[in-house]
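I've put the structures underneath this note.
Same chain, two partners: subunit A is paired with subunit B first, then with subunit C.
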Partner chain A sequence: MEKINIICIDDQADVLNAVVKDLAELESHFIVEGCDSAADCEELLEEIDANGELLALVISDHVMPGKSGVEMLTELAADPRFQGTKKILLTGQATQKDTIHAINQANINHYFEKPWDKDALVNEAKKLVTEFIFEKGFNFQDFQGVIHSETLFKYLK
Partner chain B sequence: MPVPKWQIEQFSWLKETYFTHPDRRIHIKANEILLHQWQRNERLFLVIEGEASCSHQMEPGEEYLHILTARQDEFIGVQSFFSGNYKSFYKVTAKTHCTLAFIDKDTPMFSDGKTLSLVEQFAPVMASELSARHIRAALAVKEMNETQKRLAHAEQIATLGKMAAGIAHELNNAIGVLKQGRNRTSEYVSEHLLQTESHLSQYFQLGEEQGQKATASDVRKTAKDYEKDLKVDRNLARRIAAIAPQKSDLKMLGEKFLNHKEQAIEAWELGRTLHDMRIAAEHASNIVRSVKQLGREVSEKHAGVQVNDTLSQALTLLKREIRLVDVHLSFGNLPEIFADETELIQVWINIIKNAQEALINSQVENAEISILTRSYRHHLTVVISDNGPGVPEELQKKIFEPDFTTKKTGLSFGLGLGLSIVQRIVVNHGGELLLNSQPGNTKFKIRLPI
Partner chain C sequence: MKNLMKYFLPFAIPILVLVIPTEAFPIDNLTITEQRVIALFLLAALCWVLEPIPIYATSVLVIVLLLMMVSNKGLIFFRTGDPETLGTLVSYQDIMATFASPIIMLFLGGFFLAMAATKYRLDVNLARVLLKPFGKNPSHVMLGLMVITAIFSMFMSNTATTAMMLSILTPVLALFDKKDLGRVAFALAIPVAANIGGIGTPIGTPPNAIALKYLTGENAINFGEWMSFAVPYVVVMLALAWFLLKILFPAEKTEINLEIKSKFLKTPKAIIVYITFTVTVLLWLMGGRHGMNSYVVALIPVAVFSITSIITKEDLKTISWDVLWLVSGGIALGLALNKTGLAQNAVSAIPFGEFSPYVVIAGAATLCLLMANFMSHTATANLLMPIVAALGTSMESLLPLGGSIVLILAVTFAASLGMSLPISTPPNALANATGHVNSQQMAKVGVILGVVGVLLSFVMLFVLRQIGFI
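Let's look at the complex of A and B:
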């Protein structure tokens, strides 16, 4: 079966660990990776591409040293190799301007404010990976346990 | 507005003609009163030398408002003389020793062949004198408006500071509850594990005490090896790498760890979470402490403060921030000083954190911060330097202004509340703050009196 990744990015190690930990139930079908900067994530993107793996979802913080989350997601949105990849911005510090940019240029799918609610984050992550699975034409039956049922019904209708 | 040439000539002629007579010249000493308000005055004075202040009382009993200062070649008594009521509108006091020349209402007119009366001769010069006074009044109003705006802003800041201090107090209570709850949870889990699953206790302890040391990319690199070596999936490999970022760490953990690795990882991760909670609570407390500073109106200084200790405390608070920076310390033998410890810590935190951010944001290789303290006869100095890109010359003055920030992305708000506060605290301690910055070498030098 294809290796499908989910990447979480936050420069604060404790926050990153918490996000990765929250997504533990997705580990049955996805590889959940953590990165502590945009540069770190870019390195991982190259690896994923080189190994012929897929990237279903990126959950990124915004304010980080070096490149910001919105800047990185904007570049990702323009990267032909990751066109189906879903994007969540998880931040406590985006200004209105950053947020507008995130929606218009980075095409983010969802925006969470910190502190986040685990159930809401996991629910949204499942919804987005389910969309990814359908859009890529995978058999949803291979993804028992991580499929978002409402999204599933929408596709099966 | 330049004065036209003919008017200057007219003034010179008037001065020469009317204000050179030795009998019509008086001297007054500094602080002496030339005229009281509404005093009878039939003279028009010209200041030959010195300065006199003209003030006016609106209502009896009220204070005198300073209206204007008459300087060399300016007139006093214009209103009383030309209006013909001969009563001084101002109280005129000499600011310095003054020499004044005058004419009075009986001084005969000197004909210039063009004008018919003294009033007519003086009119243009008087008109320009009055318009100059108007301009000065307008400038004073403008300045007052600006002062008012500044005051209103300062008041706003002070109000915000007070509000922040109130919020800080509430937050401290909340943080306290979380801290205590975390401690109890940690103790309970620790006890419980010891009694029921003692083989997992050490992993919990390890996570709780030390947290995760490896960075995300270290973890990923090692995880790849573990995936192959241990034949586990990448998610599990990643979790093992978080505990054991080096293969030698894994050896230290031993066979026992690998035999029940999934449970051991759970225990370690729970410990790490509790560790992170403790650090986060400390971080929140520190932020609250610095916010409280905003609302503080008086500092609490006391004798016996060891500046080196305050620096060490600041570094402890910044442990997380400076983990990627090489910090060199060179502490001299310093006498104890009279100071506010909390405020000094605040100063160091702000400067060190700025240096750290500059180094990290510009991705300087071999990032370094050096802290040097030395004592001299009357003062001691603390020099905090970094090898970052430096503060551009045009910004060197601005960085001490309250609203200044270079932080473009997001609403940056950490321990640092800006260099304006640093400046204020240092000045409040009778010290001074100097900045010397070039690319690759930026020095903040703080001098404090002994």
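Let's look at the complex of A and C:
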């Protein structure tokens, strides 16, 4: 069974912990990792790729010391190694310009405003990882419990 | 430990069977080739039950091992030896031809029809139109959904039909009160109807097509004949299932509004799809009156949709090749059992002739139903059908009941009735994924329908015999 990762990025430790905790129910089938900066995330990306693991989803904050979330997601979108990876921007401080950039250049799949609703975030994460599972050709029956059923029907009909 | 069994047993037992001397088997004059087929049959059976590898991969493995070990172009040291003890080798062309067996072509045609229908939204539009007369009363809507699901699953895969119908139903299910048992009834109605509906035509579900493979010569059944007895059976089973679901899980909600946003497409391509679909089904229903059998007819939509680019190169890649290969493996296994003479030898070694034919039919159907609940319906049919067919032809006591056809059909129907667990069939897995049904509720309905269904199939076969159909 291949290892599939989900990365959460936020410079504020309490926010990061909350996001990782919200995603706890996905840990049965995915490795959920937290990073406190874009640089930290990039290091992890190299490690994931070197180990031949997959990256299903990145949930990133925008305003962080160093490289911003949108900048990092833009680079990720252009990285041929992570073409299927789904991206969520989770921020309270993105300007309209940042947001436009995030949609057009970083091709984010979803935008959440802080404070976020736990159920909505988990539901969206499940939806995106289900898409990832199908796009990568995995057997959905190996992912009982984390599958988003409506997305499942969309792919199977 | 469990993993060890799963990965160790399917390969260890066949190897053990390969190395013991042929005299150790309770079959007289067993040849070495036949012994190898026994080992490969066990390999297939254990791999399909325990699933150490995907089920279609087991099929491919079986075909390749058959080619290497029992074909006339196999590995050199599998071919040399005293012809007396070695036995009959199988032609490699025959084994490879199972990938393009007429049964596979029939299914390919079915896939093309279903893909085109889905692509041009014929399925959704038909569902919308057909659902209208059923109104808004929950129990009527449920009946409507079941009828439509059953009709669709006769021509589309049970899985695709279930996915389509559940996606229509999901927004409505979300409006049900958490405590309202009605949502259980609705979520179960779809997979149940899809499983039952699959029985209706030879292309409804792979076990039916596998059965056709063994219904040859005077037992041959064409598309229309199959539907003439299978559709009435499906109707009765659907009615039973509907009553059962209504009684077990009564809905409190008094009105249901299914909204399907879609219109019939009127583009030239869509019209070609409608016409081709209708013509193909009509040609199938006419039987052999136009000279073409159902296998030849099945290739007509393949040609039409390819020429018109209704099915494109990209669509081709989405065909469920795994299903086709799974069936091929079963056909190859059956071929090896027959051509090496093992089937006849093994059957004559056991005094089945002395058994009551009723016991044999009931036993085979029960075994099939049990297996189909725990493993793939197609794999079940792959394993049981060649044995049952050999048994049927050798048992003279079956003749007064209608001969081997009775045994084959009883097993085929039972294969589709295994639906008591989420793992029994993909439609069940989908219903389970909605989160509206728990395993006990599914098991309750599945067990009752499975047992009643098998009994009902006996009644149907009895009636068919009485009216002289078989």
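One rule holds for everything that comes next: the second predicted complex is superposed on the first by the 157 of 157 C-alpha atoms of A that agree within 3 Å, B and C clash if a C-alpha of one lies under 4 Å from a C-alpha of the other, contacts with A are read in each partner's own complex, and residues count from 1 in each chain.
Everything that follows uses one rule, which is that a contact is a pair of C-beta atoms (placed from the backbone, for glycine too) under 8 Å apart; a residue touches a chain by one contact, two chains touch by 3 or more.
All of these numbers come straight from a predicted model, not from anything done at the bench.
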For this session: Look at where subunit B and subunit C land on subunit A after superposing the complexes, then choose clash or fit.
Result: fit
For this session: Have a look at where A:Gly84 lands relative to subunit B and subunit C in the superposition and call it first, second, both or neither.
Result: neither
Exercise. First (subunit B), second (subunit C), both or neither: which does A:Leu156 touch?
Worked result: second
Problem set entry | Vertex subunit A, arms to subunit B and subunit C (CA centres, degrees, nearest 10) | 160
For this session: Check whether subunit B or subunit C contacts more residues of subunit A in the superposed model.
Result: B
Exercise. For A:Glu27, is the partner it touches subunit B (first), subunit C (second), both, or none of the two (neither)?
Worked result: first
For this session: Please work out how little space separates the C-alpha atoms of subunit B and subunit C at their nearest point after superposition, in whole Å.
Result: 17
Exercise. Which residues form the common part of the subunit A surface touched by subunit B and by subunit C?
Worked result: none
Exercise. Mind pulling up the subunit B residues that touch subunit A in the complex?
Worked result: 211-212, 215-217, 219-220, 234-235, 238, 242, 269, 272-273, 276, 279-280, 357, 360-361, 363, 409-413
Exercise. For the complex, which residues does subunit C have touching subunit A?
Worked result: 54, 118, 159-160, 162-164, 166-167, 170, 423, 426, 429-430, 433-435
Exercise. For subunit A, which residues are in contact with subunit B within the complex?
Worked result: 3, 13-14, 16-18, 21, 27, 31-36, 40, 43-44, 62-63, 65-66, 68, 91, 93-95, 98
Seminar exercise, completed: Note: in the complex, subunit A contacts subunit C through residues 139, 141, 144, 147, 149-150, 152-157
